[in-house]
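There are two complexes below, and they share chain A, which is joined by chain B in the first and by chain C in the second.
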Partner chain A sequence: MNTDKRKVLNGYHVVFLAQNLIIGTGLLSLPQKISAVGYSQWMLPIVFGIMATITLWPMIWINSKYPQENLFSINEKVLGKWMGKIVNSLFIVYFVFILASLIDNYMLLMQTTALAEHSITLPIVFFLLVLVYIVNGGIKSIARFCIMSFFLTILLLFFLRWSIEKGELSHIFPLFNFNWTELEGAMRKGFMSILGYELIMVYFPYIISQKKAFKHTVIGVWISITIYFITTLVSVMYYSEWQLKHIDYSVLNLLKAGNLSFVERIDVLGVTLWIFLVLSTTAGYLWASKKSLESLLSKSKHYHSYILVAAVFLVMMIPIEREYKEKLFENIFYVSFLMILWPLFLIVVHLIKKKQVR
Partner chain B sequence: MKIGKLLRAKMGTSSYEKVQSEERANNQKALQTINQIKEHVKHMSDVVLKDIATVEGIVTIIHCSSLVENMTMQNMIFTPLANHLNQIHQDAEVIDSTDTEKIVSNIVVGHTLLYFHRKNLLLSMDTFSVSTRAISTSEVESTVMGPQDSFTESLQTNISLIKRRIQNPKLKNEDRIIGTETNTKMSILYMEHIVNQENLEKVKSRIDKLDYPGYPDISILKQLIEDNPLSPFPQFYMTVKPDTAMHYLLDGRIVILMDNSQEVVICPTSFFEMFVSIEDYYNRWTTTSLLRMLRFGGFFLTIMMTPMYISTLTFHPEILPYELLVNLQESRSKVPFSPLLEVLFIELIIEVLREAGSRMPAKVGQTIGIVGGIVIGTAAVEAGLVSNILVVLVAISALLSFLSPTFVMSNTSRFIRYIFILSAGLFGLFGQMLAFAWLISHLLIINSLDTPFMTPIIPRKASDLLNSLIRFPTSYLKEKMGISRAQKK
Partner chain C sequence: MTGKYVVSVIVLVAISLAGCSQKEQKVPLEDVGLVGSLSLDYIDEDQMKLTVAIPQYSKEAKKQTQIYSVVTELMSEGMVEIEKNSHKKVILNQLRVVLVDEESARSGQATKVIRSLYRNAEVANKVLVAVVKGNAEEILRAEYPDKPAINFYLSDLLQAKMNTAFNPNTNFHDFMYTQTNPVIDTIMPSIEGKDGLIELNGVALFDEEKMIKILSPQDALIIQALQGRKKIAPLYLSMNHESYGKEILLLDLIHSKVKIKSNKNFESPKVSITLKVSGTLAEYKGARERDLDKKEAIVKLEKDIDAEIKRDIGKFLEKLKELKVDPIGLSENFRMYYNGKWTTEQTKEIISKLEWDVSVEVTIISTGTLK
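Let's look at the complex of A and B:
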């Protein structure tokens, strides 16, 4: 038992938080998103991993300067109270939109595979209720949920067996068969699917051994990267370049490459089991937005998460055209790059301030 | 003994007149006291007042006849009164004859009061003796191997059943009186040098805070002191087997016993331990591992099986291979209801059978097998109310729900199954997985004595894995379980 009630996350909690906040629906369409580079896409996850590790460093650095504060209170401290509050409210908007886009993305997939010809409004409501239930248990219950969902969904890797058998390993050659613009496009679209680790800035003050936080997070990130690597590699082996580009959610099709005597379409099972991954990712974001709202109103209440969830629901239900919506949600992901770079900005301000004090 | 004799000798020497006047004065006082007591026990017909002449003058004996057996009265009161009065003076406790509150409370717990008129002396002897059940084998928690004795409804017998197994001065039992109306005795047992003191304090403070009139059974006490009263899951283990209690005591758990209740409560316990029977340690490790996997998997199967039937048939028939689907649809071809209604119908029938079976007098109980098995099972299928395959599924899941050694857990799985059935009926596999996610997150959130309920899965200790789904050979199981947070040596 810890004397400090806030410190609740052990090492393995941090590992699995980082690992599971990354994997959401992004993985399902990853091979398609980075298909611009063709068969060389199997290398990209490793590049993403390296990029994530590099960008992780400033996050941990700025947090270790304020070991008791999360991102939002750091904002207030570094940028001043009013500026910080404004930035924090922007963060809330960002979180609400990213939550809406994550859930919308998954629910659409659900509608196309498992709930064909059904309205998804009610499922969304129930999804959000379960989400709030997890989030109200606190960051530790989210971390535990991440651990469970990792062990429940890792079994899906087994179903890649048949695609490996039927695939052709020589597809990975020739190496570096792409030009710069193709790589840039693939990077831009693909990097979104490894977002999630930036939330460390919010749960950092809850970590017990903060000195090892970097190591643990990196382990978590690289577990996810390994999973990404395996899936992209198997996709490269199994599909042709044309298929990679044109099959939506190609990972699902990988799952049903084999024939089992008692189940015909494993992908339905896979998609529904995926709810664990989506729940853990969205739980992380909802928790972060709750923290942000708390810092804005400077009090903590359970009904905050209901308010946020209602906002998410409203955003998802905006009666605008599908295309606009998709554009909106896509652009929200570009904002995430800003969030990745945000700690750099904070560091600069922090250092300037420090100099002035001297 | 000598003092008693001396006392009486002294009294004998006092002069006759003095004695006379004293006796008169004493008589006045005595009558007053007796009348006071009589007033208090007016409407308690089982309280008996008897005047008996002894060498020390008249003695009034007051006792509650329903709490004291005649043999005990004879042995402890009447014989000594007639023969060795000093024995009574030695054994009995002197109480204040003006404190009527205490007098009455002594009577209702089965003490016998002796009022010596001449000396205006009130003595109280513990003569509580009620008939108890003999120790017998357990019917709720039967095992094939191992000791067969089980707890009874007497607190003293139960403590003796545990203490004869652990003959160690470090086994402590702290008594409490609970129940504002009933004054029920209970006892908290623990091994002083193993138990986690923090846990012990928590249990004690939770019990001390209780304000509840009475406890017909310890399960009520358990529900009142559990961490999460809203949860459908039991968070403390209950058993009637002294060997189970002993096993957990040695692991550093706290055992709570209560008078008038056969079961004892063990805390803290993890979710996984709800599927562990003490017999697991008597069997070979290979058999045990197999059985544990069966029980643990059985819990998830029993809540998933019939919902799966609903969601595949209503939402995703494409999930099944063609042959299986044809088979299923053929058996369902005569059924006019939707799968959800069909499942709810047959599940409720099973529920009714189960409930009727447990309420029915044992002699009539045999009929339930025939009625349930043949008439409802076969006839319902033939009448086209349910499909064959569903009957098979429901029967299996009903059996699976009884795999857990804890009866409360099997009841829980019955309840949880309905949540899954409804969610499968609403959204198919998606609903089922959503319900599953809720179940998992609920299990992860709840605590048992502030320790996570899912302990071996959310590891506190790597050595727990040696005694989880796979139970390693006994010589490997040296470490205490993580959930007990036992004191380190």
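Let's look at the complex of A and C:
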């Protein structure tokens, strides 16, 4: 029964892992990122959802061929030991950069809204420590954390009430008011914000009922898509097209639209609650990179996560100009498209190999 | 065991490293001057007079509010100047009201300043704006012996209340929204200082960045009713009926509902507006006073009020057509059916060619408890 010890994720764990790994800081700037299509942007989350569902399928397929293996050991099996190790080390670099970019993004936001007169080095250190704590608990603790952060942050949707009251639903018309170049630009920038579900390739072997994994992940993805859809729809109702394009983190301003007599700045409440969402997303990525490092070194140690976190911290502290840094972090997301398409490549190699064996 | 060891080392290092960071100059709360209201007066194209009101918490001071004025070219430069004069660090985090004088509104200077304030992260989006007839600085400096401190007085006054609901209660978000949305033009309340009090007496209408006209409260009420606000201010009507002569009445509006439909034709635009209001007849003065306990008389009165409101709306739309502005957002009903980018020019064109078909339905729910 040694193999079954690893299987820890129930159906609802899978649902919330998929759901919460998607929502990081992406949601906060989503309306701005897809503003190229103007008021028609409320349709894009649905398109993203469909794309995610389609690309999810090959991931599950390749994993179900190797039910006991995660992405990294599949890499080694399919591509051969050395090729696999090289690819895995590239994955580690990618994960470290994506972690740095996610945390940097959030901390910058924290600085502009909540901690305007403080330096953020110390908050980053504390954030990373909490992160390591969650990750060392294993994938089940991450899943539980995801469930908790979902229920803590879903309440923020309530604060959209005032913007809905004030908004004009007629903004959603006319439907499909964009051309192809606008759509292409919006898709390219916006699709990054739904990344996260691809980590199913890493935690797949831990799922108890692997046959239902596809269904559960799809449910999780669509919960997130619904949240994205509501947010973009309300943004479209509340803002003018110019505002959609020019306001940074417009979702925070949506929270501010209301009047509560006992809180002045609901956006700060929002930003600070958002740390749960960022923690759950980054925990997922850190755990994945830890797994990758384990497969590279062929052993499992707790201090691996400290090494990785130190690497993340170093990347964030690289003394280069903000401009280059931002460009670097932006481009790292394009690599994510490769990761989405990676299982297709694996499938092709897998099938060729199978034929050769025959 | 190693995990705990590593964590404690990291924590220790982090704590001791924090000592190496430069000491941050944090200002304690009692040394901060929180600007509550800010006013703007036009001097010439480049220069303006900036006045801020900061609440005074010291008990020894004779006045509740400290006022600073500077002449400046840039908003932020002015704030630095003011800080030099003040014994506190002046910040805008608690800004509630921005007043601009008529001239700076007409010249477009006010729009630029509000834009730059909107960009400022420390300023909230719910800051209320108003146009002042006359000098804006005077409003802040004047004495209001029986009123609370000016900061509270102003922000309470400009907050939408039922009785003054004609007041469009424009905040930074509304201002920027209407400025940047091509289908709608900006409006904001206009106030005037009378001795010892501030009066809300109209609505300033903007054409793009510049103010063009101050509308009467009656017109502002029409704007709000047509924008689809469900609760609006009491309606005061003075009618001149053929057979009954002069009649004055006040209708406490309880509910209003509007439906606007366009004919989707961009060459000869036409909208049909259906306005349904219901309310209580609060007061009536005129020849029909005795008959109003009868159902038929009420129905007849409703019809007359319908016609009167319809005429008012017609007159108002005529005015908009002449000015080529759209504070209601009527052109949104055309933009909805237009594929491509909508521009302000198109709004102007639609408004200047607009035809309308108004129907009003007033229901008087009750006339009070006396028979």
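Quick note on the criterion: the second predicted complex is superposed on the first by the 355 of 358 C-alpha atoms of A that agree within 3 Å, B and C clash if a C-alpha of one lies under 4 Å from a C-alpha of the other, contacts with A are read in each partner's own complex, and residues count from 1 in each chain.
Rule of thumb we're sticking to: a contact is a pair of C-beta atoms (placed from the backbone, for glycine too) under 8 Å apart; a residue touches a chain by one contact, two chains touch by 3 or more.
Not measured: the values here are computed from a predicted model.
When both complexes are overlaid on chain A, chain B and chain C end up sitting side by side without clashing.
Once the two complexes are laid over each other on the shared chain, residue contacts for A:Pro174 go to chain C alone; chain B is not touched.
Legend: residue contacts after superposition of the two complexes on their common chain; A:Pro319 is shown touching neither chain B nor chain C.
In the superposed model, A:Leu122 lies in contact with both chain B and chain C.
Put simply, the three-chain overlay gives an angle of 100° at chain A, taking C-alpha centres for chain B and chain C and rounding to the nearest 10. Using the contact criterion defined above for the overlaid structures, shared-chain residue A:Arg144 touches chain B, although it does not reach chain C. Of the two partner chains placed by superposition, only chain C is touched by A:Tyr303; chain B is not. Touch criterion met: A:Phe262 reaches chain B, while chain C stays clear of it. Using the contact criterion defined above for the overlaid structures, shared-chain residue A:Met110 touches chain B, although it does not reach chain C.
Closest approach of chain B to chain C, taken over C-alpha atoms in the A-based superposition, is 6 Å. Touched by chain B in one complex and by chain C in the other are residues 118, 122, 126, 264-265 of chain A. Taken in their complex, chain B has these residues touching chain A: 198, 315-316, 318-322, 324, 423, 426-434, 437-438, 440-442, 444-445, 452, 454, 457-459. On the side of chain A, the complex with chain B involves touching residues 1, 12, 110, 114-115, 118, 122-123, 126-127, 130, 133-134, 137, 141, 144-145, 147-149, 152, 261-265, 268-269, 272-273, 275-276, 279.
Within the complex formed with chain A, the residues of chain C that make contact are 2-3, 6-7, 10-11, 14, 18, 21, 24, 26, 121-122, 124-126, 173, 176-178, 180-181, 329, 332-333, 336-341. On chain A, the positions that touch chain C within their shared complex are 38, 112-113, 116-119, 121-122, 125-126, 129, 132, 136, 168, 170, 173-174, 177, 239-243, 253, 256-257, 259, 264-265, 302-303, 306.
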